[in-house]
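Next, two complexes with chain A in common: one pairs it with chain B, the other with chain C.
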Partner chain A sequence: MTEGGSQAVDQADSTPLLEIDRLCVSARIKGEQFRALDAVSLTVRRGEARGLVGESGSGKSITLRAAMGLLPHSLSVTSGAIRFKGRDLLADGGKSLAAVRGTGIAMVFQEPAVALNPVMRVGRQIVDSVAWRRGWSRREAREFAVELMTQVGIRDPRRWADAYPHQLSGGMRQRVMIAAAVACQPEMIFCDEPTTALDVTVQAQILALFKKLQQELNAGFLYVTHDLSVVAEFCSTLSVMYAGRIVEQADDLKAMVAEPAHPYTRALLAAVPRIKGPAKRLRGLASSAPPLTERSQAPAQPLAQIRPGWQAALATKDEIALFSTGVEA
Partner chain B sequence: MTGPHLRAERISVTFATRRRGKGHRALNEVTLDVGKSEIVGLVGESGSGKSTLGRVIVGLQESYTGTVSFAGEVLAHRRSIVQRRAIQMVFQDPYASLDPQMTVWQMLEELLIVHKIGGTRDARRERCRELMRLVHMPASLLDVRPAGMSGGQRQRIALARALAVDPQLIVADEATSALDVSVQAGIINLFADLRDQTGLSILFISHNLAVVRSLCDRVAVIYQGEVVEVAGTEAIFNAPQHDYTRQLLAAAPDLP
Partner chain C sequence: MTAVFVLKKPIRRTSLFSRKRERNLHLILGVVIVGIIVLMAVFAPLLTRYSPTAQDFTATLQGPSWSHLLGTDNLGRDVWSRVIYGGRIDLFLATVAVAAPLVIGTVVGALSGYFGGWFDLIIMRVADIVVAFPFYVLVISLVFILGNGIGSIFVAISIVSWVAYARIVRAEALVIRSTDFMDALRVGGIGTGRIVFRHLVPNIVSQAIVYSMSDIVGNIAVIVTLSYFGLGIVPPTPDWGSMMADGQPFFAGGYYGLMVMPALAVIVTSFGLSLIGDGLANLLRVKK
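On to the complex of A and B.
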């Protein structure tokens, strides 16, 4: 246990649940290869909720999609490893990944209206992935769906189990997707902006539900979002990405938010409007991540240790200048 | 001139529903003021009626009861071109609100011609350059189409379009919600600066309380078609009176 850690981490199990190890992904644009992810490393332990934040184009979603084996055809993993409980998921051409997807790992996406099948009743949809594996009858499957719907806080689940997705509100749809995700009792849950399309009150309920599931299942979460406030609400550890690289990460989110080491993290935090504390003028960033084709193709330097369990990239002089000037343009 | 700059008084809007009956009452006798050079936040969740109220004020929703008056004059439900000029709107989605086939220059010039502003082509071009300066964009982007721009740049262009006709009030409907926080911060600062520099009034519609707090002078909270609380920003955040306002504040995530 490091001194920076705020979360009780399972000591007995020293292998992390998920380990992304120097993952490089390249994008093919007009026949040329460009680095989309550059030596991205992070870990998630059992019961840990890690936030992965960054602006559009930072590579946070690509990292998540690579870990789930859902990269689009234009992107490919060039080097690095993704280990789930110590087992390399990429080593045998994706077979191990297919084996754990839907049993050991589950996903919750941003837009449940798109992710759910519009012509399947939600009750069946929730248990579809597990019912055939377990050889259940219709009635058994339905009972399990109703149980899961109760667990994720859907009132009157018997009635809603027979509804189609379009008949549900956005918050209910997201609950259905979460119910489908936890149906297989996953050890690891990937979340891609799961509350971005929801109202704040519904968002708060969904975050409370995630906290409950985290405790009940002792699952690990990798939570991708652009919203730092949401991450601070749910996660205990944090990784920040910029232009395809991790610039800073810590096992103690609060400490990192209080005293960010990398100028980019500092700039990003200064742009977040707050509910509490003195109202300050926000600071816009000088530039968002440059497009892939204009990025430096030099390999990333390893992160420097700030404290145990806390690393940051060494910022170049240019980067310091770029991120330290509050710019209105 | 007496009274507030903009006054929307006892506005009600009812949408017809497919089933027969009374229809859906989206707004119920809502009254809201915006003073000269004031930035007023309008917060509420989806379906609360906040966008509908914005559309009534701008003149996009012509079927309503109640009165909208601006600078002491009661506005007709169907606005005249002069009345439309005074109140402009900026929408949420910078990808959907700009014509993909037109360059920025064509979009802005079209407006200037329709509203008979700017005189000669050279004068119009100069005015467009000035608009680009106002929204902190390089004039070189005048000849670019939206596809070549980032989300933040597009939203600045949408704002330049709204400003092109010299409005006195801008209704911004979730204008920063689709943007990254870093970009959002720049747009919020831009709104604040425009108010300071040009005396513009702004009705800022948003579901994001933290954003509203960082920009607005006053905040109105709308819930199920009714304004449940209006107060100065710090009063809303430090001493909310209505239960719903308290619920919203309790639900809003924040950095530690």
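On to the complex of A and C.
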């Protein structure tokens, strides 16, 4: 036991918190299999906030859902591993996954309006999973809920704890979602576009809250978004997805953004409007990802190492041509 | 004017009877009618001097008078006593025979909808079989097999009517189970049993409750019909159905009250319960 224990500690330092290893997910459409995710690999360490960006349909949400065991029936993991602290979550028929849900990994959803139980008071909802695990009384649970609500910046939490989700504003709902997610003190938090449904002011507040929580919990974050400004604000590392593959990722976000290696990353960054500097025409992407059924079924090539901690896919001639043209928006 | 917005609106429990300024007349009226009838049934001994089963052969087939408000029947029993005492057994049985199918149907329907698969398949085929028989035929056969008595009526109704609840709840469960908030609960690591009964059921049970109001009306009709045919509630226990059956031979002789009074009781009660059902349906529709 002691030996195993010390080994585990050693491992904890070297193994990343979350490691997605060549994950392949396939979709069954009319009896045929199509690759929805193709050898997606990424890691998140303790205290790291990794942005996962890409356009709609690039597979970023599928990556998260696969890691949480929430894939719809039409999708299934065909190969690869998802390791949390070195333990494969997919290996033993969902037992490991069930064990880390909530306590190890928590998730914040995109639409707080539909991700909360509409007929349960938010105070009880926030602590439902903790209270259930620890067998708390109602009063203990309520006290903890109020404490969590204070932590996520809800003013007058005692009053709002008795409210139903529809009585809250969008920002408050998202705060409630976040409070529920951090209730069990998870080591890893998945964020599925948590600020997309919010207006910009509230978005800034929520991001500030995430930053605060990151420092307090020292948790790893995997932050899915298509909003690069959010990434710049909150994340330290970045993975870019296109058509079910990772095209480029780096542990040093700034270096990668400064001189992206893959033409798609370049095109994506060029599409961000800038306020500072000389006025330029906004460039759009020439093409969005082809639908699943029209994608190349050839297995993905391994990523090339640009520098330590920075990989990019080798772009084909077609891709270079496609992404470097761009369109004037 | 200060720049700080403070929400002054108190968080209140929404009242069942009034939502905003709109009053729910159906619900209020229904509750008043049914309330009066239930109170009359509960406090029956205080509202009459006569036992519902006491026979008085010196005063048979009397018309309404101060000593017998609604007159007496052919055995000299006080009709008013029998009507209010009859409400006791009929209302009690109708309510109990709704509660059991409501609970059974909700549990079975929720599990069926949530899990799907072979469990759902089996449950729904069983439901199809039950529904394939005409309701009255099935209930009357069951009471016939089980033997007369309150218990058999209760069992017979339960066996048949859980199906409706199971179907309603299952359909709602199918919708709810694939929503984000169900995913959020699963991700939160909350156990399946708790997800189903603590989160899923409260979200879907309202439809079943609305239906149960009309189901009580149906149950009263069934109970009254059965005892009218001499099945179910055994004489001399007073009940509206057997009163109507007993009064029928005297109808042609001009003693209308013997049949009309219990019938009126059935109609008013059903009317009140239907109003409650409508009121609840309106209330929940506004919510959605």
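As a working rule, the second predicted complex is superposed on the first by the 314 of 329 C-alpha atoms of A that agree within 3 Å, B and C clash if a C-alpha of one lies under 4 Å from a C-alpha of the other, contacts with A are read in each partner's own complex, and residues count from 1 in each chain.
The criterion applied here is as follows: contacts are C-beta pairs under 8 Å (C-beta built on N, C-alpha and C of every residue); 3 or more make two chains touch, one makes a residue touch a chain.
It should be emphasised that the depicted structure is a prediction, and the values quoted were computed from it without experimental measurement.
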Partner chain in contact with A:R28 - chain B first, chain C second, else both or neither: neither
Touching partner for A:G102 - first (chain B), second (chain C), both, neither: second
First (chain B), second (chain C), both or neither touched by A:M177: second
Partner chain(s) touched by A:W160 [first = chain B, second = chain C, both, neither]: second
Touching partner for A:L116 - first (chain B), second (chain C), both, neither: second
Which superposed partner A:T201 touches (first chain B, second chain C, both, neither): first
Chain C contact footprint on chain A (complex, rising order): 68-70, 98, 100-103, 105-107, 109-111, 114-120, 128-129, 132-133, 159-160, 162-163, 167, 177, 180-181, 184
Touching residues (chain side chain A, partner chain B) in the complex: 55-56, 170, 199-204, 207, 226-230, 232-233, 254, 257-258, 267-276, 279-285, 288, 327-329
Contacting residues of chain B [partner chain A, same complex]: 45-46, 136-137, 150-152, 180-190, 192-193, 207-211, 213-214, 233-234, 237, 247-256
In the complex with chain A, residue positions of chain C that touch it: 11, 179-181, 183-191, 194, 198-199, 202-203
